[in-house]
Each structure stands twice: as C-alpha cells, then as structure tokens.
Amino acid sequence: MVKTMILEEKLRAQLQQKDILLMTHIVLGYPSFHVNRQVIAQMVGNGVDCIEMQIPFSEPMADGPVILKANQDSLAAGTTVKQCLEFGAEMTAAHDIPFLFMTYYNIIFKYGEEDFFMAAKAADIQGLIVPDLPPEMSPDFFRFAKTSGIAPILIFAPTSTNSRMDELNTSADGFIYCVARRGVTGAQSEFDGEFDSYLNRCRAATSLPLAVGFGIRDSEDVRAISGRADIAVIGSKTIQLVDTEGVEAVGPFISNLR
Amino acid sequence: MVKTMILEEKLRAQLQQKDILLMTHIVLGYPSFHVNRQVIAQMVGNGVDCIEMQIPFSEPMADGPVILKANQDSLAAGTTVKQCLEFGAEMTAAHDIPFLFMTYYNIIFKYGEEDFFMAAKAADIQGLIVPDLPPEMSPDFFRFAKTSGIAPILIFAPTSTNSRMDELNTSADGFIYCVARRGVTGAQSEFDGEFDSYLNRCRAATSLPLAVGFGIRDSEDVRAISGRADIAVIGSKTIQLVDTEGVEAVGPFISNLR
Amino acid sequence: MENQTVFGNWGGSYIPEILHQTFEQLQDEYLKARNDPHFWQEYSDLMSTYSGRPTPLTYAENLTRHFGGAKIYIKREDLNHTGAHKANNVMGQGLLVKRMGKKRVIAETGAGQHGMATATMAAKFGFDCTIYMGEVDVQRQRPNVFWMEKMGATVIPVVDGSRILKDAINEAFRDWVSNVDTTHYVLGTACGPAPFPEMVSWFQSIIGMETEKQIKQQHGKPPARVYACVGGGSNAMGIFQGFLGNSDVELVGVEAGGKGIKSGLHACRLCGSDASPGVAQGYKTMFLQNSDGQMLETHSVAAGLDYVGVSPILADLAEKKRVRFESATDSEVMQALDLTMKMEGIIPALESAHAFVQAFKEAPQLSADEAIIINQSGRGDKDIFTIAHAFDDPSWKKFIIAIAEEYNR
Amino acid sequence: MENQTVFGNWGGSYIPEILHQTFEQLQDEYLKARNDPHFWQEYSDLMSTYSGRPTPLTYAENLTRHFGGAKIYIKREDLNHTGAHKANNVMGQGLLVKRMGKKRVIAETGAGQHGMATATMAAKFGFDCTIYMGEVDVQRQRPNVFWMEKMGATVIPVVDGSRILKDAINEAFRDWVSNVDTTHYVLGTACGPAPFPEMVSWFQSIIGMETEKQIKQQHGKPPARVYACVGGGSNAMGIFQGFLGNSDVELVGVEAGGKGIKSGLHACRLCGSDASPGVAQGYKTMFLQNSDGQMLETHSVAAGLDYVGVSPILADLAEKKRVRFESATDSEVMQALDLTMKMEGIIPALESAHAFVQAFKEAPQLSADEAIIINQSGRGDKDIFTIAHAFDDPSWKKFIIAIAEEYNR
C-alpha cells in the first residue's frame, strides 16, 4: 500500500490507466455504518477510484433534499464525529483507494482544526472537502492541511470569475471540485456549451485534476464529461439507489458507469 | 262622557277623590292587541286613573330590558303606527279615563307632527309622552299640542337643575312625569331622603300634578310616594305580570296597589 | 367649523331629560377646550408621542401606474396606534374626560376598532371601561374582544335588536342614563346628539390638517378629489375638513353598497334612495327606516359601515352638494383589497377598502398631473377572520379546524 | 461602525463558492450605498412616507408610577408599517435590490414578521417573492402566512430539521445558490455572512438615531439603560447604535429564557453557559450546539427569538462587556405583557415583551431622574393565536371551535 503518496499523484497515477476516474459520496452513519461498510466494499470492488465520506452536520446548507435527509437521519440515529473518524480509519485500512472527508466547517472548528487534521491524518484520510470554508476565512486550516499532508479540496463554481479561480487555486491541493451548475446537490445538470466554456476556464486556472460534481447520475453523464474532466463525482444517486434498491444494486450501477 | 275636558283638569277632578292616582303603561301590540284590550279592561275595571299606551319603536333608548323586549316583539309581530292609532280610538271610546300615547320622537316625526296630532286628537288621546324630545328641539310640536288640546307631558329628572325645571315647565301641560332615579325603566328605585328633596324641587318648579315613575312595583312603593306625588306610574311591572301570570293577574294586582 | 348643534336641517340633541345636564357639561367642557390653544397642543403632543402622528401620506406608485390616470395618494390612518383613525377621537375625548373629572368611560363598537381604541385610551388614562358590542359583531370580531378584555375593559355583548352597532349605541345610552354622574360615553363617530358630531369631527380634523400640508408638499398643489368611506362619518369628516374651504377639491364619501343598492342589503343613507329623514339615537339625519319610522337592518361585509344613520354634518354637506356620495359593493371591496395588497403591500380595513373602490373607478378619468387622496381609515389585519373567510381561503379553514381539534381534545 | 466583515472573534463569511460573486456584488453595492448620502435620504424618505417613521418614543407614565423608579420610555417600533422593526431592514434591502437590478427576493421567517415585511416590500417594489418558513412556525403563525400570500408571495413550509427559523434560513440559502443571478436573499436579522450583520444593523440604526434625539428632547439627557430583546439581534443593534458611543448608557440585551435557563429549553446564546463558539449559516458566533458542533433545538414562546445563533456584532459587544445580556422566561413574558396592556394600552409582541421583563426588574433600582428605554420591536396583535392560547382564554377557544364547526359543515 502506497499510503504516503499524496492525493494528486495518486489520482494522476490512476489517470494513466483510465479515461475518467469515479469518485462517490456517502453520508456516514446513513442508513448505518454497517450499510456504509457494505456500500464502500461494493464501490471499491467495482472500480471506484476515490470516496468522499460526509460527516453529517445538522445544517448542511449546500446540500439538496437527498443528502440533507441522510444527514438528519444519521444524526437522529446518534452518529458522532468520533465514530466517523474511527470508521474512516477502518476504511482506509481495508481499501487501497484514497478516502476523503467531506463536512461543514463547524464540525472541524468545534473539534479544533489542528486536532481534526491530526485525527484525520491518523485515520489515513487523503483530503478534506469543506463547502462552506472559503480559503480567506481560515489561513490556519490551510497551514494544518499542509503540515499534515491532507489535501484541502477547493471548489470552483460557474459563478467564479477567472481571478477568483486563480486565487482559489493558490490554496487548493489534490484536485479541484468543479460544481457543474448553480444549486445544491442532487438535481440534474446540463453538460452543454456553457458548461464547456466553464470547464475550459477551470482548466486554465489550475494544473490540478478537475472533478465534476452535482447532478451526475448515469453512464451518459459520465460519458458526457469524459475527456473534459478528470473525475466524475456521483453523489445523491447512490444514496437514492441504496434507499430504493438496497446495497446490492450499488456494484452493478458503478460498473456500468464507465 | 266629558271627553273635552283637558287632561290636567280631569286629573285634578280625580285627585279630589283619591290620595294618589294610578297610571299604567302598556306596549301596544305586545303580546297582541287582543291581550292589550283585556289588560286595559282589567286596569280600568280595577281603578286605574290614566293609561299610557306605548307605540313601539325599534330604538327605545330610554327603556330597560322588559319594555325594550316588548317593543321588539310587538314590531316583529307586525305592529304598525296605524294600528296603534286605531286601537287608541277604540280604547278612548270604550273607557272613560284619559289615555295617553307614549312613543319616541321618530314615530311622530316620520308620521308628520301636525298629522300625528290630528290623528291622536281624532282618537281622543289626551296627552303625549316623548322621552327623547326636549322642548327646545321642536317648537312646532308644542304649537300643535296647544292647537290640538293634547297635553305634551314633560319629564323632570333628578339631574335636572331648578332652572331647567322652570324652563321645562313653561312648555309642559297635563302633568309632569318625574323620573324617580337615574337609569332606564324597570329597575328598582329608593324613595329616600334624596328622593324627597328632589320631589320638593319638582313641586316648587311647577303647579302641574306630579307623576312619579321608574321602579314602582307594589303597594309599598305606591304608599311611599302617596302624599308626596299625585300620580304613581306602574310600568314594566304589569308587563312582567302578564308575561308570567297571565291577564287575569292584572286586576287583583291593580286593586291591591292602593 | 363653528360650534353648532344643528347643521342645516340635521343634527340636534334628542336626548332623555336625565342626560340634559351632562350634555351641558360636555358642551361646556368641549367649548372651553376648543377655545384653549393649550388643549390642542396637548392633544397633538399625545397623538404624536403615543399614537405615531402625523401619519404618512403614501404615494401609491404602482396603483397609479396600473390605473394610468391621477396620482393616487393614501393617507395612512392604519398606522395609528390600535390601527385606525378611531384613536384620534378617543384620545381627544379621553383628555376631555380627565378635565371633567370622570372616572369611567363606556363606548359602543361595531367593527371592534372603536372599542379597542377606547379600551386602550381607558388603560392609558386609568379609567374604568365598559364596551357594548352587538352580539353579531362579537362573533365576527372576537380577536378585538380578546384584546379589549386584556386591556382591562368589560365587553358586554348586546343581544337586543339586530345585535349590531345601532343596538350597541342604544345600550350604551341606557348605561349612561344610569351612571350619568361618573361616566362619559365615548361615542365613536360623528353622530349622536350634539356636541358629538362636531366634537368628534374636530378631533378627527387632525387627519385633514396633516393631509392638506402633506399633499402640498408632495404634490405641489391640492388634490382633485378626496375619497373616504362613510360609516358614521368620522374618518370622512376628519379628512374632508382639510379641504372643505377649497371648492376646487371634490369630496367623495363612499357608503357600504353591500350586496348591491337594489338588493336592499346595504347601508346607503346618502346615496341611493332608500333612506329618509328621521330622528334616532339622539340626532336627526337620513336613516334607513320603513314608512313608520322603524329602523331597518343594514348589511355590509364591513362591520364598521353597517349602520342605519350617518353624521348629520355629512347629511348637510350632501344636501348642499359639497360632498358627493357613492357606494361600493362587498364584492368590489374584496377586489380592491386584493389589488391594493398585491400592488402596494398595504392592507386596508374592509371599511377603508370602500373608498379605494370608488377612487379606482375614477382615477383613470383624471389626468396625470392631478392627485387624488384615499383616506385609509384603518388596517385590515384585524379583520383576518372576516377577510380570510370572505376569500374562502382553504388553508385558513384547515388551520382553524386543526386548532379547534386541539381545543376539543 | 466602519465596514467590517469580522467583529473581534466573530462574524465572517462562510459561504459556498457559488455565492462568492454575489456577495462581492452585494458588498460593493452596500458600500456604495453607505458612501452615498442620497441613499440614506431616499431610505429615510421611504420610511417616512411609507412606514410612518419616525416612530414615537412614548413615556409610560403608569408603568413608571407602578414601579416607582426610573422613568420608563418605550420606543414604538410596533407602529411601523407591518407592525415591527423588520420593516426598516427590509425596505433598505429593497432599495439595494433595485440598485442591483435583481427582480426576485427570498427570505426566511420565524415569527412571520420578517416574511410579512419582505412580502410587503416585494409588493411595493414589484419583485417576485418566496418566503421560507419552518413548518412549526407556519402552524403557529398562520395569519401571517395568509397575508404574505395575499400580497403575492409564495410561502414554502420547510419540513427539514427542527422545522423552525434556522431551517428556513438553510432552505433560503439553498434557493439562493440555485437562483443566484436573479435573486437576492433578504436576510431578516443582523446575522449570516458579511455584509449582512453590518448591513442589517445599519438599516436598523434608524431606530437608535431617532431614539437618541427623542430621549434628549423629552427627558433632557441620555437614558441610564436601554433594553432590547435579542433574537438574531437586529432590533437590539438598531437601538443600541444610538448609544454605543456613550459609555454612560448601559445596554441590555434580553434573550429568550423559555422554560428557564436551567431547563435547557431556551434560546440563550450570550447569557447562561449553554452556548459555545461555532460556525453555521455562514458566520461565526455563539451557537447553542452540542460538543460535536451539531445545533440544538431551542425553545421560546416567541417564535422570533427561537434561534440557535446570534448577531456576531452582539457576540463581540458581549465579549467586550459593552452590552449586558439577560434572559426572560416564557411565564415572565406573559406577566409583563399583561401588565403593559392593562397599564398603558400597548400590546408588545411576545418577542418585545422579553425586553419589558428585564426593564421592569431593574426600573425600581434606579432613581426618578433617570430614564430607561425599552425597544418595543413589534406589536402583539399579530400573535393573537399564540397569546390567546398562552393565556388559556376560554372564550377564544369557544370562538375557534364554533368557526371550525361552521367550516366542517
């Protein structure tokens, strides 16, 4: 296991072999850690390249209805940050792909930024996505990211200007998460001409790999961004799949994506 | 029958024979003209000296709950002013005591003041009591009263000053209706020292006979004012009596009063 | 307006003798107050620090654009403390009561607005307070009853007659003749025996005085027309007094057309031909009465306009053709209300919405350099039960049913 | 207050990247407006002609006598159009939205007051309008929902989370990130990402500016203390800004004590010790949260105070000890409300009544030549359902049951 390799290098290595990588999203503790474990096994077994594990938060302002409900149910079931960290460590030990944590800033802030990075490092987590933390709001966060070797994943949005992208790029590491459209997680996106020029702007602003998320739901969507982006992020869709068709549906769904 | 004798003289003649006269009140059309007819027969037969017949009005602002309800029920049964005038004529023809109309000013105003006095004269009515018509509000009314020989009965109240009594007296005829207390018809009055001095003021202000009304309910009340006033007015009490014990109770009630 | 008890053929003081003395005292005290410049100063200071006067004159830009005629201005009596112009009259009478040394006030109320205002004034001045309210109105305006009671007033539902405003007035008079020494009857509109019509109009003239200044400031000249709804006539008299002296300003009173003037279900005393001269409740005016002089039932979606009589001063101004009278039906009123809420974010009381109806009919006929003023006598949010009901709002019904279920449990 | 995004250890702008640009625009437009004297003139003219400003400062003579200490003055934000201080903020933002050329506004609402105010502003300015309101609040404040809809707004009940104010805020942010180009989010209090805390406080400072002048005029000198209830903190910031520069004036913020600070059922962020620093809803402040950083349920009889966070500016002023924080329990609030209605004829909103509670506790300790000011942020008659319910009024219950029966028929 090459656990010390930094996130970007790891992804670039994968990109040598595949047109496009797949990153999936799960909400920790939803519907249970037990199911999370099974879903992750199916994902890894069917070729997912990277997994973001969301530590639930009571106020997930950037998430749409599916992930919002998953956050609430997980918390209602008693999920704690400590459990999430432990589960993260278990997964990184079990599977040889990079795992990231996604969460809102308050979870980290309340835990203590330095402590959180240390705990994540101990769990062998490779990156952190915090959708409500613009880099200017916590220089400390980026300092701790650097010292711990955990990539702070930053987000580009269609509303980001070129200069804003440049600015974000200076703090970013691992890859850039390009939000496909205005809105929250879960709704459909259009990968049209406007999207193309947005993605060109992203590419121009950074040398990091580009992940595209928000609204990627099937192989057609994945195909649509192949060659334009490096990573396709599947979020709400797998949560819905587990909800409606059970854990076993995840493997076939993933293997058909690409 | 001495129908042409004016009201005051008629009363003075009666006062030669009795310590105190009795005036009763009925609401026309309540509960029906038929019952009115019976009640009046019982009253006259048992020694009542004078009867005021109230032509009902929809807004009897100076009346208490009993007479108010009688006004409303009579109107609801369809009583008209014309019926009241006809009934008045019938009564004056049938009984040899003075009959008065009591009503609110709008009934007269709407009928036409001159026309109303002519109609009342034709019905052989001897006086008119209009509680909401201060003399200064209609000089015409008093002119028509004089020409028709119908006495305009004015009201003194405990709140009337001496000079106000003097002023009222110049327009009054027949007798003065002394309201025993503040308030509306129907409630109990106290015939105490304060009442005495009020009645003395009334006596000093006018040479007309004094009737006392509001709250006279039994022989004790009548006795209390005997010698102090000339006429006792029984209002709400007989209405209640007919309501609760029937027409036949009226005769015995009246004959026991004095 | 000079002190008068009779206005042309109208007005007067047709009262039981027992009240004679108290009216003399009231008349006296009123004249003293009128001739004492400090009194008006005290009154206007009170209205300013307690009730939020001057109320604004709001330019209704969107409605103006919508109708494409005269500039529409709205005088905002809804912003008075307690939500209507009724506060003006009541606070004025409160100061008089203090001068007369009385300790108890009574009042009638229809919509509940005047009762609310009186209960408020009584709390502020420390008077005992009894409010008479027709049982029908108690039922349609329960929230107001709740607040009156919370402010320490006793609310007595009147179960006589048609159980609406006029019956409450009779009942208040009955209380007054019984308690004449201690009690002042705070009549709520420019009706009743003298000096009430003139006195109430005087207190309400604060509306017109402000408006006259405001329109000159904002529009540069007097308005072409001024619209006010007319129940008893106090808000109309209030605003009209700012313009009575200027014959170029047309004054328009709007009565409750109810289900339509021809249906007989309305409260039109000065427009239409159903009313006739009469004397009741202490004064002479045009009443809705039958040929015997018995008062008729009236009808309006707006409790405050649901009244058989009308200010004798307005009857006189109608006869002299100084004020034109029109009517608005219940359904026109709901439409005008809807439009005003959506276009200006303002909720007129159902009463006030009558004035809006007529203004909306006439605005397009006037040119853009003319202004018209609508007197918004009160705010409509007090009428939630009536308005939500009149709009037949389904979620409102569900809401009420759900609370009732909780209460029934 | 100079333009700031961070106040001591508090505030900031923790927002999704998609909103970055729109916040830059907002910040820009806000700064331009702040530096443009015409803007404030336009704003204060609008508030004067549309909303009835300046609102009065009322001397509460009876309460003063009752407590026998400092003179009690009440700043009457209840007399604003729509019935609360919320109008100030909303009209100010409306003018900014016009400048930014946006055509749609969204807002969260708790008590419904801010939603009412926003729907009103949207009607007045001709904007499309969507209001997010927690389902629990929709249920307790249905009349406000009715009026918002009547003014043309779409009201969306939020069924996520604890279904109250904070959840409505999250939902409004979700709408905003989806419609960022066309839409402005009219945040209703001095919370949220910069520039909202400062901007909302700036608009609300109109309260303090007026009050500072009024108290000098009426009392001859500044007050000893100023009391305001604190939900998000906007009415408090509004009035406090009139006195922040004068260290002789003690400023007191009153939070919702709910069932008592020890019961855990409250919304005390700055008094008591249940809150801790956190970041949510776009800003850093003291939040009621557990040790993992998950937000807790809060409790108050007043929907408008039922909120987990608090203005970062107030968190800073608390830390610097410039503002003292206290709390009032639900039952103290009902008592203060009752007393104020009976003694002054004034009906404070349940929110505002919190400030009254603390002022009543402290007034007797001060001498008669001192004045204290209570900010009456809104009027309580909008709260009829809550208040009648809280007083357990039997005729109110009968009334509701009777209407429900009619609707069920």
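For reference, chains read A, B, C and D in written order, and residue numbers begin at 1 within each chain.
One rule holds for everything that comes next: a contact is a pair of C-beta atoms (placed from the backbone, for glycine too) under 8 Å apart; a residue touches a chain by one contact, two chains touch by 3 or more.
All of these numbers come straight from a predicted model, not from anything done at the bench.
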Clusters that remain linked by touching, subunit C excluded: A, D | B
Taking each chain's C-alpha mean as its centre, the one farthest from subunit B: A
Between subunit C and subunit A, distance of the C-alpha-averaged centres to the nearest whole Å: 66
Separation of subunit B from subunit C, taking each centre as the mean of its C-alpha atoms, in whole Å: 38
For subunit B, residues contacting two or more additional chains: none
Set of subunit C residues in contact with two or more other chains: none
Chain contact graph, described as a line, ring, star, complete graph or other shape: line
Pairs of chains found to touch, sorted by chain label: A-D, B-C, C-D
Subunit C residues touching subunit D - in the complex, by the definition given at the top: 48-52, 55-59, 62, 76, 79, 81-83, 119-124, 126, 139, 142-143, 145-147, 150-152, 218, 338, 341-347, 381-382, 384-385, 388, 391, 393, 395-397, 399-405, 407-408
Contact set on subunit D toward subunit A in their complex: 12-22, 160-161, 166, 170, 173-174, 177-181, 276-282, 284, 287, 289, 291-295
Sites on subunit A touched by subunit D in the complex: 57-65, 68-69, 72, 75, 80-81, 104-107, 109-111, 131-134, 137, 154-161, 164, 168, 179, 182-184, 187
